Amino acid sequence: MLRTIGLITGGGDAPGLNAVIRAVVKTAVGEYGLRVVGIEDSFEGLIGEPRARPLTPADVRGLLPRGGTILGTRNRGRFVERLESGAHQPKAIYNEAVENLRRLGIDALIVLGGEGTLTTASEFDRLGIPVIGVPKTIDNDLAATEMTFGFMTALDISTEALDRLHTTAESHDRVMILEVMGRHAGWIALHSGISGGADVILIPEIPFSMRKIADKVFEREGCGSQFSIIVVAEGAKEVEGVEHYQDMGDDERAPRLGGIGQHVAQEVGRLTGKEARCVVLGHLQRGGSPNAFDRMLATNFGSAAVRAMMRGQRGVMVALHAANIRTVPLAEAIAKRKTVPADSQLIRTARDIGVSFATPDEDEYHKHETC
Amino acid sequence: MLRTIGLITGGGDAPGLNAVIRAVVKTAVGEYGLRVVGIEDSFEGLIGEPRARPLTPADVRGLLPRGGTILGTRNRGRFVERLESGAHQPKAIYNEAVENLRRLGIDALIVLGGEGTLTTASEFDRLGIPVIGVPKTIDNDLAATEMTFGFMTALDISTEALDRLHTTAESHDRVMILEVMGRHAGWIALHSGISGGADVILIPEIPFSMRKIADKVFEREGCGSQFSIIVVAEGAKEVEGVEHYQDMGDDERAPRLGGIGQHVAQEVGRLTGKEARCVVLGHLQRGGSPNAFDRMLATNFGSAAVRAMMRGQRGVMVALHAANIRTVPLAEAIAKRKTVPADSQLIRTARDIGVSFATPDEDEYHKHETC
Amino acid sequence: MLRTIGLITGGGDAPGLNAVIRAVVKTAVGEYGLRVVGIEDSFEGLIGEPRARPLTPADVRGLLPRGGTILGTRNRGRFVERLESGAHQPKAIYNEAVENLRRLGIDALIVLGGEGTLTTASEFDRLGIPVIGVPKTIDNDLAATEMTFGFMTALDISTEALDRLHTTAESHDRVMILEVMGRHAGWIALHSGISGGADVILIPEIPFSMRKIADKVFEREGCGSQFSIIVVAEGAKEVEGVEHYQDMGDDERAPRLGGIGQHVAQEVGRLTGKEARCVVLGHLQRGGSPNAFDRMLATNFGSAAVRAMMRGQRGVMVALHAANIRTVPLAEAIAKRKTVPADSQLIRTARDIGVSFATPDEDEYHKHETC
Amino acid sequence: MLRTIGLITGGGDAPGLNAVIRAVVKTAVGEYGLRVVGIEDSFEGLIGEPRARPLTPADVRGLLPRGGTILGTRNRGRFVERLESGAHQPKAIYNEAVENLRRLGIDALIVLGGEGTLTTASEFDRLGIPVIGVPKTIDNDLAATEMTFGFMTALDISTEALDRLHTTAESHDRVMILEVMGRHAGWIALHSGISGGADVILIPEIPFSMRKIADKVFEREGCGSQFSIIVVAEGAKEVEGVEHYQDMGDDERAPRLGGIGQHVAQEVGRLTGKEARCVVLGHLQRGGSPNAFDRMLATNFGSAAVRAMMRGQRGVMVALHAANIRTVPLAEAIAKRKTVPADSQLIRTARDIGVSFATPDEDEYHKHETC
């Protein structure tokens, strides 16, 4: 019988984690009379002497608007390091963790995380601890769910940054480049580029030509606009194949200095003779209070996760589809990353309103505008 | 052959109208080489001497972050008044407008509006002017689309208002009531109530008992919380049947003084002996710069509307479904209002986390929490 | 010898109270090794069985961005009611409170409040409990200090509200009225009117003529602007002497329905034939997270109050003058309210940029502009 | 006789420039019946064929909330380059500019700028063109004025960034470093460090010891706080004398990659064994819409500058002192930079609440706190 739920938050910080925690606790305790135990620092809290604490409704009071996670999180942490070090048998490591879960009286787990964290979580499910996953990826790159919490807040921040850069770009006749997150998927760059009125959007899925960026800048000058705004995802690559992203581990997203944004600034400055400046948004995209939508989605995910558990589901992840929460098998959720399809509507819309992706065939788009 | 698109914005102001205008113009002119003519003040601009002006890409520069509509709008305006006055034959009124469209060289219309505006628009379609509709309702109450632009921005504003009221409520041991929009559909109250951590949510779809609100306030006192937060949609009604909303015309949403919010404040104050205060958000919900999501959705809608027209579609409305834009027949779009279903997931989630809807059977929910 | 400081917050909520509490505790405990005891609910916590609790640095962690006061506050509360009821001798009431302070081991008081609260505080000082005051008035109407915390945040909120109303006013050709706080002093209306680009500003210090408002609306129409924005302080009065503000007790500021804003809307609508709508900001102005300046000022006030106490000062209030904190006698601080002088620079600036105060002699100002 | 005012904006972008332009135009045209001519791109618009345009009230409509300057600006630009190149006589360059002013019919200049721009401006005054200066420095480092517009907005942005970094720092047990502007003066770092709850603040005026930063991080760990927040001004220097700032020209403030922030991150990470991450705010601090205070101050400065001119003043700068605008001689305004005095109240307050400046003698401060 299900009496105690363990709660784990893993991977990078995202606005809404605390809102999920609050909803899980309120639903589990208030609606179903269960206990909730929070594990600290992702799976790391299950190594050695377990680090965990009971979570009551009083503990989650005031948590809704607060960013971050009161449980702490790790991008990889010692649990993953151990698994990968080869010094220990994976089986032994998992067994120790499962043993700790039992010591804590935990009957089932709700795990908040992205691809990496949920992969680990599904292992626990396989080992007999029922798991319900809650998707967490600021990049919104999980195929199994339309949307993840935190993404909208990240868009608000990136869009506001673009608004700010606009005035400086225009006042100084500059090219301003904003580097945003997105190593493999360009959703943040694409969405905020559209919302922030960018002239050029560079994403990992569409290799770009530096020359075509310069062409766009010149085209705008021809129309009397002496400035241009470029959004570049950290994982964007030039057509020629030079990759400016150095891999930093599976879930790590430091604000990389000397990354693609700065490279674009230098090259575009050189090619156009204009002042070009780069700002790297970095961690500003993933911290802080979630916006209204993210609080709602996080709450809905958290509450739905408990309900799924009470219905006897396991090895599934809650997901958003057509404005409803449903569940999908964890295995499926992990298997497929959602990248921006070349033929997506948003790409089409962006091109139609004159945004350039700086592809070699860029001239074929939006050609009627005569300023 | 399609050469000139007429553009009309009708109904109440909503954040994102200008972003749609911008996307229509950029797409129509830049991608397809069309002309765009903006009609002023909704259909009113088609009465008598037409009021309209060409819209070029230069005219829509800088429009993305700006709230409102540069074309002006009317809630009902003289066009509808004429139709309803009975002094003129409807047919004559429409013929005059169609004649004006022809004088302006307009081959087809893109019309932004809610149920009322789109009903008028579909009449033009019937009269031979191809029409593509773009849904606009701050209440998000059109069944044919998952989401309309402006709604998310309204949620941000309501949620921020709730955050602000929280601190005052808590510091003064008060009951604070926020009255938000929603005459027939409680989406704004429901969503922002969840996002803003309300204790009680009152919506038109679920008649409430004043006594049950007081019970919730007392329950919270029993748990040591001397304050409570209530969100009430302007169209919420008591179970007993007393309706505090006086109808003010089809699309009008003045911040009603002496409305339901103030009534709740008075009665709850009386029943609980606590200080109770009401704030009516009113027009603050519908003006101002759209947030990132609304800018993106508005842009996508505007651009997709032009593409639909170029594909030869007519008598349809662009709509969001499962993260994609599709088209639905205008007739269908108008026919069905989207209200909050009693068995919706969000209602369930709200109850599960302890939110009260103050229904007579309220005691049956969330009963395990012991503070 | 000073060992324990009592801390009291009184009067209406204002953004920054918690920031002051945090600074007092951190400075007193960390820098001077003192104890701090927080009294609950203003002076009410000193009636009967005292309600108070020690405050340590751990207790004030995370408090800086949080609005409100963790100590609770009262506008008047039972302490003042008792004093005014006449049922008890004031002396007896104060003696009971002083006795409670001694029982709590409190050697001196830091009191945060406005005119009313500080008047009570100075009585304690007279009775032998050294008091340092910290000014708190969202209206910024204390003559002894250039600025109080909370005021800037209120301006941000009012200004953002005006930005939002602008787009709706412009799209609908309306007159939009925003009613803000300010019963006796029009600082919020004046400042936010200038910051929000209002066309007409109505403040208690300058009686207005309804007819002159209408003239301004017509003047704007003559220049092609079909909309106007009006900011009105709740205490504004017509020249003719009709006062629309009903007094609600000394420190109470409920968002009054049926107040001056609505009256202006009705009359201006009637006089101009235009749609006129009113929004009453009410409590939204005083809750929520303080902005950067208010956090800084609150922190500086709190810390300076402790330092003043350690220097042996008493019966004084910390105050801002020329970018520095200094102290002024409490008696002086209470004695004089700061209203907007008719010849103030801001009034002059407002008139010079074309803002109307709707005075009978309004035509004499800003007369060269020909649109 | 004064009939036409020339208007120039120079130096880096700052929120509020457009608000000053609007106030100057509205006051000069509307109140005094003057003409205003805007010179483009700072003094560059006076080289060769002058680039300038008349500014009417219609031209400045809607400008109040917009960041940047519609006149364009230059940090140094071709005017300064020419002066410094030595290829031309300074006298010849100025004469050409003065000649251009005469051709444009300009009788006097209002110049918005910082030290550099105002130095150039005072030269024009010496050459017989009456000049009124308006101070503009995002760093707030002009001694002659208490405050400059743009500074408060920059503080809001930095403080919000710190709020966001807090949640990530806490969730990941990290040291987060925010690098803000301030090459010679640490006002932004000091103010926003206090407002954003930083643990360590590093400013140019107070050389720091890397070791002492690490000590603070350890001290916090000892109290159970596994994270720390550091704000560093771009011009901060280590005690040992290693300067990480490479001069980039007089008024240039690119978001420097590989600057002091990253250096601190690396070293503190190394010394403490903790994850340390740096975000460089860069241009985000100086673009975008001004906050309420900055709009008010900018409007007041602009309007007061015209009034000063009408009073016959020249060679002066408007300045804020004790909540009033006054004028100071340009020579005096340029002569003295306002840096943070070691004995300033804010430094004292910061230390008193436990902020470390990482000086070698740091242990002497705030020593009583025992967590």
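As written, the chain order gives the labels A, B, C and D, with residue 1 at the start of each chain.
What we mean here is this: a contact is a pair of C-beta atoms (placed from the backbone, for glycine too) under 8 Å apart; a residue touches a chain by one contact, two chains touch by 3 or more.
Keep in mind that this is a model prediction, so the values were computed, not measured.
Look at where the CA atoms of chain C average out and do the same for chain D: the two points lie 29 Å apart. Rounded to whole angstrom units, the spacing between the C-alpha centres of chain A and chain D is 34. A separation of 41 Å divides the Cα centre of chain A from that of chain C. The multi-chain contact residues of chain C, meaning those touching 2 or more other chains, are 160, 163. If touching chains are joined by edges, the resulting network of the protein chains shown is one closed cycle, each chain touching exactly two neighbours. Under the contact rule stated at the top, the pairs of chains that touch are A-B, A-D, B-C, C-D.
By the touch rule above, chain D contacts chain C in their complex via residues 22-23, 26-27, 29-33, 57-58, 64-65, 146-147, 152, 155-156, 158-160, 163, 191-192, 194-197, 291-293, 295-296, 299-300, 303-304, 306-307, 321-325, 345-346, 348-349, 351-354, 365-369, 371. Chain D makes touch with chain A in their complex at residues 9, 12-13, 15, 17, 41, 66-69, 72-75, 157, 160-161, 163-168, 170-173, 176, 254-255, 257-258, 262, 277-284, 286-289.
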